[in-house]
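The two complexes that follow have subunit A in common; it is paired with subunit B in the first and with subunit C in the second.
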Partner chain A sequence: MAKYIAQRIIYMIITLFIIATATFFLMKLLPGSPFNQVAAKLSDAQMEILLDRYGLNDPVPVQYLKYIGGLIQGDLGVSFQYNNRAVTDLIMTRIGPSAHLGAQAMVIGSILGVILGMVAAIRHNSWVDYTSNVLAVIGISIPSFVFAGLLQYYFAVQWRIFPPSFWDGPEYTVLPTIALMIFPMAICARFMRTEMMEVLGSDYIELARAKGVSNNKIMFKHALRNALIPVITVIGPMTLSLMTGTLVIEQIFAVPGLGEQFVRSISVNDYPMIMGTTLLFSILFIGVILIVDLLYGIIDPRIRLTGGKK
Partner chain B sequence: MENILEVKDLHVTFDTYGGTVQAVRGVNFNLKKGETLAIVGESGSGKSVTTKALMGLIPKPAGKIPKGEILFGGKDLAKLNDKQMQQIRGRDISMIFQDPMTSLNPTMKISKQIMEGLIQHQKLSKKEARTRAIELLRLVGIPEPEERINQYPHQFSGGMRQRVVIAIALACNPQILLADEPTTALDVTIQAQILELMKDIQEKTQTSIVFITHDLGVVANVADRVAVMYAGKIVEIGTVDDIFYNPKHPYTWGLLGSMPTLDNDEDQLVAIPGTPPDLMHPPKGDAFAPRNPNVMKIDLEKEPPMFQVSDTHYAATWLLHENAPKIEPPAAVKRRMQGFASDHGPTEEGEKR
Partner chain C sequence: MRKANWLLLVLALMLSAVLVACSGSDNENASDDNTDTEDSENTEETADEGDAEGSDGENVLRISATADIPTMDPPLAEDNFSIQYTDTVMEGLYRLAPGGEIVSGIANKDETEVSDDGLTYTFHLREDAEWENGDPVTAHDFVYGWQRAIDPDTASFYADYLMSGKIVNAAEIYAGDVEPTELGVTAEDDYTLVVELVTPVPYFDSFAAFPTFLPANQAFVEEQGEDYALSADAVLSNGPFTMTSWEAEAGWELEKNDTYWDAENVALDGISVKVIKDADTALSNYEVGELDRVGLSGTQVNDNKTNPEFKSLSETSVFWMKFNQGSESAGEEMQNVNFRKALAKAFDKQAYVDVVYGNDSNPVNFFVPENFVEHPETGEDFQTGSDVLAHDVEAAQEFWATAKEELGFEEITLSFLSGDTDVSKAISEFMKTELETNLEGLTIETVNVPWGEQLDIMKEQTYELAVSGWGPDYGDAISFVDLWVTDGANNDISYSNEEYDALVKSAKGDLALEPVERFEAMQEAEKIALEEAAIAPIMQRKTSVLAKNYVNGMDELNPFGNDYSFKYVELDK
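Coming up: the complex of A and B.
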C-alpha cells in the first residue's frame, strides 16, 4: 500500500511539472504586459528598468528555466500587483475562505445528493422520485451564478434572512454554499438513483431478502455501499467543477477568496500569481483523484486486493 | 407422510405498461416432509415466480397474488405481510439462487453474510454465530473454513460460491429449501458435486426441497416427484417414474423428446414447434393446444381438468378423457421411455440413489 502511494506521488510530481510548463508558455501568449496600467506614466527608460528587474527582458526559455529553478526550491516568486509580496504569502491569506466554502459545499452537497438519490430509488416512480428528478435536472442544467443571483435577491434582499455578500462569520457562508453545492448535489442524486436501482434489482439483494433481513438493513448494510462505488467516480470531476464554480461565486458574493484573486491576476497579467494559483488548483485536483482511488479500495474489497499487491 | 406445504389454486399476476401478465394461473401441489419435488418447464412457464410467491418475494407493487393459498405451518403465506414473512424467510423456508457469481454481496465478507441470518432468526451472539458459520462451511464442503470465512466472495470460485449460498440457505435449519436452478450456471462436473451435496444434506437434515430446473437429467437424478409447468399451470405431476416412463401430457412428451440421450443414434433432436403463449392474453382452452401436433377441437374450446392416472400421477389433457382417441406418444419419446427402462429399470430408479 505504501509503495502504491509513493508511486502515485511520483506520478503526481511529473504531472505537476507538465502542467507548470504548459501554463507557463500559454501565459506568455497573453497580450499585454503586467505594467500596462502604469505604462502611460512611465518613460521608456523606466519601463526598461522595471522589465529588467523582474527578468521579463530575458528570452522566454531563460525565464522558464529561472521559474522552474525557483519552483524546485519552493519559491513561487513575487506578485506584480501587490507590491512585491510573495505569491505563497498571498495565496495563504486568501485560501481560507475558498477552502471553507469549497469543502462545505462539497460535503453537504454530496451527502444531500446521496440521500436524495437513495430515497428516489427506494420510492421509485412515486412523487418523491419525480420531484428529485426534476430538482436534479434543474440543478445540472442551470449554472450556479443564476442561483447565486436568485438566492441573493430572495434570501438577502426580499426576506433579509442571510447577508447578501462579504465574509464575516458563519451566516455569510450560507448563500454562497447553497449556490455552489446545487450542482454536486444534483449530480450525486442522479448517479445515486441509477446505481441504487441497479443494486436493488441485483441477485444479492434478493438473497438478503430471502434470508429474512429487514428492509432497513438491506438498504444500509447491503445496498448503500455497493451503490456508492460508481458515485465516488464523479467526485473527481465534481471537485473540478466546484473549483471553477468558486471563481464566479466568490465574485458574486464578494468573498475574499482565491478565485476572486485569480480572476484579477489574469486580467492584469500578474504572471507569478497566475502560475501559483494554477499549480495550487492542479495539486488539489490531482490530490482529490488520489483520494478517490484510495477510497475505492476502502469501499470495494475487489479493488483493494489488486491495489495492495506487492 | 404429512404434507409440510400445500399450494392451492395459486395465481400470480404482474401489472405492466402493456397490461396484466398472468404469470401463474392456478397452481396446485403439495410438498411432503423430506421429499424433493422438481418443477420443470421452459423459460416463462412460471416456475420461478411460483417459488418467489412461496417466499413472499414477488416484487411489489407490480406483482400480486389475487387468488390462492399457500398453507404452511397452519398459516396462509399468501396473506402475510412483509414483516411477518421476514420471520419465515431464511428460518423456515430458504432459497438457493441460480447464479452464484451474482448472488453474494461483493463488498461483504462471507462470515457476515452467513452470520446475518443466524443473528436475525436464532438470536445468536456474534461468537456463537461465527462458530455455527464455520460448521456450516464445513458441512457444505469448503476446505479450511476458519480461514475462508474471512474472505470476500471474489476470492471464491463459482462452485465454492454456490456452496456458500447453500450454507447461507441452510443456516437456520429450514424445513423447506427452494432451489431455483441451482446448477444451471455451473459447469457439469461442479453441477454433479452440488447435486450430491444437496442430496447428502437432505439425508442428514430431512429438509424438503423444491427443485426448479429445465434440465431433465438433473430431475432424474435428484427428484422424488416431478411437476411439469406450462404457461403458468402444472400440466402434469407425478413420481419420477410416472413422468419418465408413463408421461401422459403432450407437452411432457415434447420435453422428453427434446432431451438429448447418449445411446440413441438419432441425427437430430425433436423440438417442440411454436412458442409459449402470451400470458397477457392467455388462450382459451388448453394453453398448449396451438403447439400440439394432435390437437383436438375441445383443446381449443375448453380447458382440460386434472385427470387422475394413478394414485400419484395426474395430468391435464383431454387425451385422458374416456371419449378421447388413443394417441400414442411420438416414436422418439417411446424410444427414450424404453431407454430409461432398459438402463435402470423403474424399480431401481424409484429409489433415487
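Coming up: the complex of A and C.
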C-alpha cells in the first residue's frame, strides 16, 4: 500500500510538472499584457520599462526557468492585478469561503442525493421514485444560477427570511448552499438509483434474502456499499470543483471566494495568478483522484490496489 | 468489514473537520479584525454588531463596490477603487470638494506661492495635521512619498505618467539613471514644501489633489516593509477616515478619523463597503435596505428610470470612433476628410446610447467633455457645443458621394474593431447596421477581440475603424487635446495637422502662464480637429445610481481622480 502511494505521488509530481509547463507556454500566447488597465495611457517607452522591471522582456524559456525555479522553492510569484501581492496570500485569503461553501453543499447534497436515490430504487415505480426522478431531472437541467436568482428573489427580497448576500455568518450560507447543492444532489440521486436497482436485482442479494438476512442489513451492508462505487467516482472531482469556488454562485451571493480568479486572472493577463490557480486546481484534482482510488479499496475490498500478495 | 466501517467513519469525520476548520478560520479572522481595530475592548462586540447592521440609526454610509481594492498604496493606485479609498483615508496637499473644486488639504491653498516663471511651487503646510499614530504630517512626508512614488522599484505607472517631464529629474529617476533623492521636491523646513518643475504645469493644482502625490510616513512604511498597505492595519491614515477592516473580496469598513485636523467637518461616522460583483445582487441589497446607494447596470437603468431615487451623474469620459489614417489597407481613404466626415455623421448617436447602454448618456459632437473645465475669466464651459459632426444622414451621404468621386471607389469594405463583451458586441452590430444602411457601397466587417488584443491592435495601428474613449487624470483640457498631436504617444490614428500641433504646443509651452490665451488656443485646436473629423465623437458617458434621499453630497462625480469626496457626504436620516 505504502509503495503504491509513493509511486502514485511520483506520478503526480510528473503530471504537475507537465501541467505547469503546458499552462505556462499556453498562457504566453494570450494577447495583451498585464498592464492592460493602464496600457491605453502608457507610451511605448514606459511599457518597456514596466516589462523590463517584471522580467517580461526575457525570452519565454528564460521566464519559464525562472518560474519553475521559484515554484520548486514554493514561490508562486506576485500578482499583477493586486499590485505585487503574493499569489499564495491571495489564494489563501480567498479559498476559505469557497471551500467552506463547497464542502457544505457537497456533504448535504450528496447525502440527500444518496438517500433520494436509494429510496427511489427501493420503491421504484412508485410516486417516490417519480418524484425523485423529476427532482433529479430538474436539478441537472436547470443551471444553478437560475436557482440562485430565484432563491435570492423569494427568500431574501420578497419574504426576507435570509440575507440576500454577503458572508457574515451561518445564516448567510443557507441560500448559496442550497443553490450549489442541487446539482450534486441530482447527480448522486440518479447514479444511486440506477446502481441500487442493478445491485438489488443481483444474485447475492437474492441469496441474502433467501438466507433470511434482515432487510435493513441487506440495504445498508450489502446493497449500499456496492452501489456507492460509481457515486464515489463522480463525487470526488465534483467536490473539488465546488470547493475551489464557483464563479456564478459566488458572484450572485457576494461570497468572497476564489471562483472569480480562475476566470479573471486570465482575462487580465495576470500570469502568476493564472499559474497559481491552475496549479492549485491540478494539485487538488490529482489528490482527489488518488483518494478516490484508495476509497474504492475500502468500500469494496474486491478492488485491490496492489497485486495479491500474502 | 468492521475495519472498513471504521475507515468510513474516519473519512466522515475528516470531512466535518474540513467544515469546522473553514468556519473556524473565518471566526478567527473576524475576531482579529475586532481586536486590531477597536480601541476600547469593552465595546468591541457591540460596536462590531452596529457596523454589521448599520441600519440602527447610525451615521454610517453603506455602499457596494464591484471589486476588491487592488491596493491601498497610493503610488500603485490605478483603478477607481484604489484611487477612491486611498484618497478617503489619506490627504495630500489639496483635495477635491464636490463638483471637482480643488480645496486646501494639508497645504493651505491660499498661501501657495508660484514663481513668476511658473517653475517653482512653494506649499505651506498646516501645522496641526497628524498621522493616525500621532506623528505630525510634515513636508518631509511629502518628499518621501513622492520620491518613493517615482522610484523605479515602486513601479508606479501614474508617477511616471504625471511626474516625468514635469518635475525636475522625474523622468531620469524612473529610467534608473538618477537616484530618487534627486527629485525636484524639497522640504525647506518641516512645514514648507518646494517643488521644482521642468516646464510650467498650469494644472499642477490637480496633481496636488491626486493620490500619486500623497505623503507617506517613512518610519511606518519601512516598518511594514512588504506588507505596507496590504491590510487595514498596514495603512496609516492622515485623512478624514481610517480603515478599520478589509477582508479580501468581502469588503472594507472605514471609520471617521478623530485625529484628522478637520474632523469636525466630517459628517459621517463611517463608511461600510461590501464587494458585490453581480449587479442584480447589489440591487436586491439596496431594495431590502442593506445599502444606501447602488450603481445600476444596463437593463437595470431602464427598469428604474421612473424611480424617484434614480439619479444620473455625468462623467468626464468621452467615447468616439477612430479613423486609422495610418492603416496600410485603408489609409488612403481614411486620410480623405470627406470620407471621414461621411462616416462621422452617418450614425445616430442617440440611438447608439439607447441601443448599447440604455441609459441617459449624452450623445456628443465634441471630444473635450462638457462640465469639465471652465474659462479662467468668464467661467464659461470649455465646450461651446460644436455641431459640425452632428448626426445628419443627408449631409453624410453628400460627403460620401464626394469621397467616392475623389477616391474613385464604388464599393468598399472596412473593418470595425471592438471588444468581446456584450456591450462591445452591441456596439459593433449597431455601427455595422447604421453605417451600411446610410452609406451606399459600404460593408463593415466587425472584429471582436478581447480587450488586451484590442489594445495591441490599436497600438500597432493595424485596425481601420475602432471605438475608444478617454477619461482625464487632471482638470485640464490638455489631457484630451494633447491626444491627437502629430506623433503623440497616444495618437494611434495618425492624425496630423500643423495648425493643431502649433496650438497644442503653445498651450503646453509658451502660453502656460497665460491662462486665457491658453484656454482659447485649446478650444481652437479642438475646433480644427472636429472640422477635419479627426475622430467621430459619440457620447459622454453617464453613471446611473439609485440613492436613498437622505444621502447628500454624492450627486456629482468629480471630473478626475476620486469619484466622490466622502469627507463632505452627509446622511440626513
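The working rule: the second predicted complex is superposed on the first by the 290 of 310 C-alpha atoms of A that agree within 3 Å, B and C clash if a C-alpha of one lies under 4 Å from a C-alpha of the other, contacts with A are read in each partner's own complex, and residues count from 1 in each chain.
What we mean here is this: a residue touches a chain if its C-beta (ideal position, glycine included) is under 8 Å from a C-beta of that chain, and two chains touch if they have at least 3 such contacts.
Small disclaimer: the values here were computed from a predicted structure and weren't measured.
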| item | value |
| --- | --- |
| Superposed partners subunit B and subunit C on subunit A - clash or fit | fit |
| Partner chain in contact with A:Leu42 - subunit B first, subunit C second, else both or neither | second |
| Partner chain(s) touched by A:Ile299 [first = subunit B, second = subunit C, both, neither] | both |
| Subunit B versus subunit C as contact partner of A:Val60, first or second or both or neither | neither |
| Included angle at subunit A between vectors to subunit C and subunit B, based on C-alpha centres and rounded to the nearest 10 degrees | 160 |
| Partner chain(s) touched by A:Ala22 [first = subunit B, second = subunit C, both, neither] | neither |
| Partner chain in contact with A:Ile13 - subunit B first, subunit C second, else both or neither | neither |
| Partner chain in contact with A:Val146 - subunit B first, subunit C second, else both or neither | neither |
| Residues of subunit A touched, compared between subunit B and subunit C (which is higher) | C |
| CA minimum distance (subunit B, subunit C), superposed complexes, angstrom | 6 |
| Intersection of subunit A interface sets (partners subunit B, subunit C) | 299, 301 |
| Interfacial residue positions of subunit A with respect to subunit C in the complex | 30-33, 35-44, 46, 49-50, 53-54, 81-85, 89-90, 93-94, 96-97, 99-100, 103-104, 107, 149, 152-153, 156-157, 160, 163-168, 170, 251-254, 256-257, 260, 267-269, 295, 298-299, 301 |
| Subunit C to subunit A touching residues, read off their complex | 4, 7-8, 11, 15-16, 18-19, 22-23, 25-26, 29, 52, 68, 70-71, 73, 76, 78-79, 82, 152, 155, 157-158, 160-161, 174-175, 230, 247-251, 274-278, 280-281, 284-285, 287-288, 290, 449-453, 455-456, 458-459, 468, 470, 473, 489-490 |
| Residues of subunit B that touch subunit A when the two form their complex | 55, 57, 82, 85-91, 94-95, 97-99, 102-108, 116-117, 120-121, 152, 154-155, 165, 168-169, 171 |
| Subunit B-touching residues of subunit A, taken from the complex the two chains share | 202-204, 206-215, 217, 221-222, 225-226, 229, 299-302, 305 |
